[in-house]
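Some structures are shown below for you to check.
Here chain A shows up in two complexes: once beside chain B, once beside chain C.
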Partner chain A sequence: MRTFLGIDVGAVSTDLVLLDENNDVLNSVYLRTQGQPIKMLKEGLSIIRKENQGISLEVVGVGTTGSGRVLAGVIAGADIVKNEITAHSVAALYLNPEVRTIFEIGGQDSKIIILQNGVVVDFAMNTICAAGTGSFLDHQAYRLDIPIEEFGEYALRSENPVRIAGRCTVFAESDMVHKQQMGYKEEDIIAGLCEAMVRNYLNNVGKGKKILPTIFFQGGVAANSGIKKSFEKEIGYQVVVPEYYQVMGAIGAALLAREEIELNPRPSAFYGFELVERNYQTSGFECDGCPNHCEVVEIMVDGETIARWGDRCGKWSLGYQAIR
Partner chain B sequence: MKIALPRLGNIEVMNETIITDMGHELIEIPPNTKRTLDLGVRYAPEYCCLPLKIVLGNFLEALELGAEGLIMAGGWGPCRFGYYAQVQRDILLDLGYDFKMIIIEIPRGNWNMLWENLNILRNGRSWSYFINQFRLGWQKILLMEKLENMVLSVRPREKVRGVSSRILKESMLKIKKAKNREMLKQIETETIHKFDENTDFQKQNLIRIALVGEFYVSLEPFTNHHLEEKLGYMGIEVVRKNTIEAWIGPIMRLKIFKDSFKEEQEIEEAAYPYLAHSVGGEGQTTVGNVVLAHKEGLDGAIQVIPFTCMPEIVAETILKKVSEDLDFPTLTLIYDEQTGEEGLNTRVEAFVDLLKKRRKGVRMSV
Partner chain C sequence: MKKKKVGIPYALYFYEYYPLWKEFLTRLGVEVVLSRPTNKSILDSGIRSSLSEICLPVKVFYGHVLSLVDQVDYILIPRMVCIEKGAFFCPKIIGLPDMVKSSLSSICPIISPVVDVRKSYGTWKNSLFQVGQLLTENTLAISRAISLSWENFQKNYVAHLLDPKVLRPASLIEGQDSINSKRQWEEKPINIAVVGHDYLIDDSYINLNLIEKLKRMKVNVLTPGMVHPAMVKKQLKKLYKPIFWSLSRKAVGAALYYFENGVEGIIHLTSFECGEDSMVGESIHHQSQKCPEVSYTEFVFDEHTGEAGINTRIEAFLDMIRRKKRIENSLAPSW
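Then we have the complex of A and B:
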């Protein structure tokens, strides 16, 4: 079977999808990166391999995205390495060409993408602080001893959300602690937190942008139905959470890989699922050849260097696969 | 006196002409590195902007090398920069260094300080020699800037990646050593010839992006994470809107007539419908430059800001309206101490994707 592999290595999660020739999702894997992108990428690939045991798969194209896209591209052998804004919009547009707005909230960053006639016309990412992203929600769930998966349900049960300060997570947390100590109901506090996060997002990431339907909400935080509800309450439009909201970046990467291979036909650079048995090491050093003191990263397979990057002049990276 | 001049792009080309030739000993400040940043960040007030911190780092490195005099530009107006030289001087004095801060600024009223500082630099040489060398230094800056601007259109078309940066570097070193205008002329001809040899003239209709925003960050490659090079290698032609020529030129041409401020006026007029008066720094200039970039048919503009820069924050907010009115994409990049580049790459790549798709005017389809 001809398939396309999409890999999204983010700060918090590593996602992989395998699409068939009709662009339907055959497999999707969502793993926590836990600071070990190479290990998780290998684990993701072995899960996909296991799920397809006995089926002969031909991976025709591979695309990588996410903040770890360059590394993932080298490890897996990618045909295209794309930023996550493009990847997310491609995936959303594939599902619904009428999409005008995409809210994407992941573990460490959040973005808003504005589209017009199927073309990205504007985007923004959170700049200075990570307020309102998945990591903060995780932390609060842990503090309240509620599984993050149930956070949304708690919020939906609330009838009177309390007001939580939303501008800064430090303020939000102290507000929450204070209201807990005053005896407010847990679900009201959680619903209040969801509203605060949405206000923060719309003010900081979405500031000044025209938010028009159809609106897609994707990324890990879209699992939280409380946030979705708060969005709808705040902006007054319906918000759509697509079926594969968690792995939209990976789907976009796979679609981009397909486009790339179809535009420039060639055999895929993919190393094959066997790469999970290979032994990867990374090391880094600071080049002292000139005052730039570039931090050079070196990737080795079973002792042999396969890629280097990080230098400005090309002294170390020349001769290896061009990264960007 | 052992004198040092802080770094700003390739401004070092004039070091020898205005320092060594006056009989001073030149202290070459090492290029900006993480160490410069670390030093600056350690001793500067936390809420100050990146330019202050990096220049302070420059000064600390210069003092370690034995500098006795530090040259710094001054100014006045609502941007904090006008007071940076004084703040830096006091920080360094508090740290126990013994040196003279040589502040060059157009005075408001008190001309004594400028007179005194120019005399320190002149070091007993005749005024005519001093002015002559100062002008030669200025010619060097102008030539350097001209070549840098050429590289912006050569780089995305270069036959061998990285060659144009290397040619530029070699020419910079030659300009630094040049003794007169004839030599400069020769270097110019040679360099342009080398650029031409390395250019693939077949490559036409590249995406063009204006680089606007705060002066120091837009011109200092270490500070903006080599943004011009990054874009160049992505096949983008960058159009620099901030130049040293435009900044100091009107003063250097010693013209007090309105005519010498023509470019400035043009920018102000362009900004007028959106921002009718100066907000300090380059705030109004940024807005005007974006309007002009649109008029000139560029594809988009990137605004660079050091974190906490008030004038640019004002401009950023106004740019949203400009962008909407003119249907002209802009991207704002805020720089602070971070050295990780992934976030920057993501934004820049996505912006370039956006501009490319706009040109094609087709759906992003698969």
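Then we have the complex of A and C:
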């Protein structure tokens, strides 16, 4: 069977999908990166291999995206390495060409993408602050000792959300402690947090953007029904959470790989599922060639260096040219 | 007699005025030491020694000052107040000599002439003269150095404007007529204007090598320096209110010019905590909403800006422009 593999290595999660020739999702894997992108990538690939035991798979194209896209591209042998904005918009547009707005909230960053007639016309990412991201919610859930998965249900039960400052995680936290000590109900505080996060997102990332339906909400935070509800309350439109909201980046990467291979036909650079048995090591050193002291990273497979980056001047760079 | 050494920090307004000071001081028989382009140790020492609330370019300035301290007899930090009617320098620049003096305790003498053309003592010539008197007693030599270096500064500026690299519409790269493969679309050069303060655009360490990265990705990079000042002036008249800051005028005027003159995208570079940029950015953004055919984005730089963030933004911005063109020209994927 001809298939396309999409890999999204993010700060918090590593996602993989395998699409068949009708672009239907055959397998989708969502793993926590836990600071070990190579290990998780290999684990994701072995899960896909196991799920397809006995089926002969031909991977025709591989695309990588996410903040770890370059590393993933080198490890897996990618045909295309693309940024998350393009990947997320391609996936959303494939599901619904009418999409005008995408809210994408991941672990470490959040984005808004504005589309018109099937192309991206504007986008924004969070800049200095992480208050409108998944890590913020994770952190607050931990503080309240509530599993993050149940956060949304708590919020939905609330009838009177309390107001919490969403400008900054530190202040949100002190606000929350204060509200707890005043005796407000837990679900009202959680709903207040969801509203604070949405407000912060719309005021920072969504500042000056014209938000029109159809609106897609994707990324890990879309699992939180409380946030979805707060968005709808704040902007007055329905917000759609697509079925594969968690792995939309990976789906986009797979679609982009397909596009790349079809428009520039060639055999895939994929190393095959056997790569999970290869032994990858990384090492680093500080270059002392100039006052910048760049931290250079080396990626090695079975003792042989396959890629090197991290230097500003490019004298060490290897195995990875300009990103397509 | 041993030559006196004057250090010039390679930061902030010196991106504009270094040639004038360099020639003037050299003509007085002084050795001019320009600090090295910003690097990690300059940035780190600047951050350590400056106030935490200050903008990144000022922190970088501190780093450059520190890198010169052991090498020179004086450091030149003019107090730039006003060089044209109705516009001023940012308060942090006006107060720069005092800020540096109060935060850096053990430092060699600072020469800080006032440049404020509203006052008789603050004209360029008087400022240069004051500096000259500190370095030599020969007033005739000072006057001569002033007129020659001022003349050359003006002459070079005019020559720069006649340079073919300074924008005429012809320096936009035109597309080929028949493009029919995806690869050709991706490799077709596109015109992107990068606007903002010179000390962000020209400092490749602060801007994480943005200009080189764009060029590597087949972008024809256009900057405010390539727009003729007459054009800048004309564009600024269109604003509802004049721009109050001298150093921002060029950036805004150039941005407005580029919106009308055939670039595919405009990137506004700003530094976090910059007061000017927060106002100026709004007026550029406002203009971008009137010109939806030109893609617009803003990159904010700060001391902890990671390279991954900027790469993603650059790639997404270029992808947006290139995919839009390709799909409009019906080179969409087959499915």
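By definition in this document, the second predicted complex is superposed on the first by the 309 of 324 C-alpha atoms of A that agree within 3 Å, B and C clash if a C-alpha of one lies under 4 Å from a C-alpha of the other, contacts with A are read in each partner's own complex, and residues count from 1 in each chain.
Please note the rule applied: a residue touches a chain if its C-beta (ideal position, glycine included) is under 8 Å from a C-beta of that chain, and two chains touch if they have at least 3 such contacts.
Here the structure is a predicted model, which means the values were calculated and not measured.
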Which superposed partner A:Asn292 touches (first chain B, second chain C, both, neither): both
Which of chain B and chain C A:Pro97 touches, first, second, both or neither: first
Touched partner set for A:Asn279, first chain B, second chain C, both or neither: neither
First, second, both or neither for A:Phe123, with chain B first and chain C second: both
Touching partner for A:Asn264 - first (chain B), second (chain C), both, neither: second
Chain B/chain C common contact set on chain A: 23, 67, 82-86, 94, 109, 118-123, 125, 127-128, 208, 255, 258-259, 290-293, 312, 324
In the complex, chain A residues that touch chain B: 23, 67, 82-86, 89-90, 93-94, 97, 109, 117-123, 125, 127-128, 208, 255-256, 258-259, 290-293, 312-314, 324
Complex contacts: residues of chain A adjacent to chain C: 23, 67, 82-86, 94, 109, 118-125, 127-128, 208, 255, 258-260, 262-264, 290-293, 312, 322-324
Chain B to chain A touching residues, read off their complex: 30-35, 161-162, 222, 226, 229, 233-234, 307, 317, 320, 323, 329, 334, 336, 342-343, 345-347, 349-351, 353-354, 357-358, 361-366
Contacting residues of chain C [partner chain A, same complex]: 36, 39-42, 181-183, 186, 205, 209, 216-217, 272, 285, 289, 292, 295-297, 300, 302, 308-309, 311-313, 315-317, 319-320, 323-324, 327-328, 331, 333-335
